[in-house]
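Look at the two complexes coming up: subunit A is in both, with subunit B in one and subunit C in the other.
Let's turn to the complex of A and B:
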């Protein structure tokens, strides 16, 4: 069973790797690049929501930190590889510090506090990006050049794809490690995990830092793909994207986040096109919002989660049948 | 001196508006253990419906009443359809109320268009008084008076009536209240509606105060209200008014003296409270 899934992953990965050489479409290439970047972002969110059971409403803050760090480095210094690497390092350090402090402040309290405080803090970052005009150029944002290595769209597509696969592999390894198991235990039953002797706060902070750093890297790739950054990377919309992707795809399953990212990005693309047909499609967020509410209410496990459940039920039934046979 | 008085009045008025939003949040949280992320959406709906009714009927009183009614109805529907199905599951509650917030503010744009709408106070509240060389804007005094009135009324209901007794008992131990034969579901509904009504009232009064209304202001004020709820203490009604005044006044002074730091100060205040007194200044629950 697990082997079959692995084969499926490899086939999909190879297909996506070959795709740009077989089928030439600039729009599709750019769209898929976006999907990969948001898949990284959604997976990082899944570590929090799906694996640890923490709700964050300020995930855009880490995304934005990454997006602005690369922008500022490429603009203020030179667009070369050493500065790129430095920007990656700075992103990792900054997001780690912010998520560490936030986690330490609020994760010992009820889940509401983390949701609230992250919402408030991402608001603070948005204001900071708007006000700190000498560096961020305010609301208008700024364009920047990127190192030659990343200039080609196909190359950048491959880089994003490989990054996504690497992040997926790392996070999958992480979630099935003893540490990841403890996180899932916290999600299932906090008191029991604590009474088993685990320091909940420690584990939650670790999850928050890992998730924050990954989100920062996604943001870095995002603004590199646009070669432009403005305050929109800090807005609620980005957080909502992550929420929708993880919930529709399936919480607690990293693949779900990737599938969700694909679905949302494509739906986004189509609905924007449809806006020319009827004005109601300009307000496409409303459709997403309604789908999201219905998903939380009736479909809380998402696509992948529901598929897994169906499969589990089927194997259980078969086992039962086999047992009955033996018994009779 | 006149600057100081004006800044204090301004801060008090903003504080009262935040209080109207935060009071509902804190009461709902205290009683139902639900943190309603859609509260800002109800606030914005109050603002839009109030402004719209004022523009069509020309009567400010009807506008205020209409806005409160909108809030009550939306509160009823929200409690019935959105909160009740996911009752008891914190993660789902947080997620679903945020979704509702999004839908509410997008619906505003569908109904009234995505642009800002200007709003003005009625003639008898426009203008200002002059006391010596201090100019006092009438509308601000009106907001402060309404805020104090609402606070007094709710405080009276909580302390001196049977329903208030049930609510206070429910905050402490809702299973026990239920065991005593009181239909707590009905109380939940009522408190949620009143909270929503207060938020809508706050929104309706904000319109003429700031001059323009827009769909995103719901979220902006909701963030301030969250800060207030954290500082004042989750579930503490008197805490919410004191913290709201604190946030309002510090915001108005900082906006005048150090404009770039005005939001940061509130955040800092919240961080300090969270470190040293995580249950809030007046909170009972952690």
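Let's turn to the complex of A and C:
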């Protein structure tokens, strides 16, 4: 099964790598670039929600830190590769520090208190971005230039795709490592995991740092794709997007986060396009609400989770049949 | 035989409820000490208090001469105390293999030997090695729970009602296993099934209304019908 899935992943990756050279569509290219970026963001959220059982309402703060870091560096300095690399490094360090400190302060709390505190901290970053006008230009935001290497849409598409594949591979390895197993054990039963000798806080902070850094990188790519950044990157909508993508795709699967990101971004695009047909589609957020409610009601395990369940039920039935055959 | 664990006048609250109101007992190395008592007497809370899951408000818990009350649960576990909870605590989304690997503190030869021994003892675990923990039967879950606590070289095992909800044939298997484990480690057992408790146990303590009310050798309790009727409700 794993081999078959790996072959499927490779085929999909090759298809996406070749796509811009065989099918010329600027809209599709931009849309897929957004999908890859949000897939990284959703995977980072899946590490928290799906693998460790932590619900965060403030994940946008890491996304925003990445978005503003690259924006400020490219605006204040020359848009060259060394400054870009420096911005990447600063994003990693900043998101790691913020997630570490925040995790240490808040992850001792019960899940709903943690969720509310992350929302509050995210709000603080939003206010900071609004008020620190000399650097952030307030709500209006600012445009910036990017290094020549990223200017071509196809090149940027390929860079985002490769980044997403690398992040997927790293997180997949991480989740199947002994450390990843402990995180899953924490998600299932915190007290029991602690009784086995694991410091829960220690492992939760590790998950929080990894997730925060990945979200920061997604934010960095996002503002590079727009060559613009404003305070919207710190808003609750960004966190809700990640939550929606992870839940619709299937929590605790990683690949579900990628599928969820694809579905949400394409749905967003199509619903906006449909506004030309009827004005009701201008209010696309209503349709997102409906999709979300239906998904939670009928597919609480998400697409990948539901497919896994169907497969599991089929295996169970086959096992039962085999047992009955032996008995008869 | 030296004293491995000692509880002195331990009192524990869960929320506003005063559950343990003075539990005292000693566990000697190499013995199986059984905690008996009616439902709701405080036996499970006693084990949880030792593990630090419900920290005591008064009294002392001493393990190998060191005060351990107030320590976080993971530190208590790292000191060599294994815990098999009443609800088995299986990680249902993880496979049997993953459940065992999460529990392993080391990956040395000694641990591998123990794993081989465990899999010989519980062939079902070997058979369903790649199966999710949540899909196992009640008996298999109990075996996995015991195996997980036993995979490390723990000096003391706290086992909470291992026979609860299991078919008689599975209870026998669990009992045989604990008897084999008894040769290698010290055990504190909470058990309602008196037949099982009296077969395995060396010493007993009766807990009633959160207090230790009686103690002695298991042979003594087997002969004392009145005490059994008074505190355990069995003849």
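Convention: the second predicted complex is superposed on the first by the 325 of 328 C-alpha atoms of A that agree within 3 Å, B and C clash if a C-alpha of one lies under 4 Å from a C-alpha of the other, contacts with A are read in each partner's own complex, and residues count from 1 in each chain.
By definition in this document, a contact is a pair of C-beta atoms (placed from the backbone, for glycine too) under 8 Å apart; a residue touches a chain by one contact, two chains touch by 3 or more.
Predicted model, so just to flag it, every value in this text is computed and none were measured.
With both structures placed on the common chain, the touch criterion links A:121 to subunit B but leaves subunit C unconnected. Within the superposed three-chain model, A:109 lies in touch with subunit B and out of touch with subunit C [touch as defined at top]. In the superposed model, A:191 lies in contact with subunit C only, and not with subunit B. By the document's definition of touching, neither partner reaches A:310: not subunit B, not subunit C. Of the two partner chains placed by superposition, only subunit C is touched by A:199; subunit B is not. Contact with neither subunit B nor subunit C is seen for A:97 once the two complexes are overlaid on the shared chain.
In the superposition on chain A, A:182 makes contact with subunit C only, while subunit B stays out of contact range. In the superposed pair of complexes, A:289 makes contact with subunit B only, with no contact to subunit C. Contacts of A:322 after superposition: neither subunit B nor subunit C is touched.
More subunit A residues lie in contact with B than with the other chain of the pair subunit B and subunit C. Comparing the two interfaces of subunit A, the one with subunit B and the one with subunit C have no residue in common.
Residues 51, 53, 72-74, 77-78, 83, 85, 89, 91-94, 98, 101-103, 105, 135, 148 of subunit C are the ones touching subunit A in the complex.
Chain contact summary for the complex, subunit B toward subunit A: residues 29, 35, 37, 82, 85-86, 90-92, 94-96, 98-100, 102-103, 106-107, 109-110, 219-220, 223, 226-227, 229-230, 234, 260, 263-264, 267, 270-271, 274-275, 278, 286.
Interface residues of subunit A, counted against subunit B in their complex, comprise 49, 53, 55, 57, 105-106, 108-113, 115-117, 119-121, 123-124, 127, 131, 236, 240, 243, 247, 280, 283, 285-286, 288-290, 292-293, 296-297, 300. In the complex of the two chains, the subunit A residues touching subunit C come out as 178, 181-182, 184-185, 187-189, 191-200, 252, 316.
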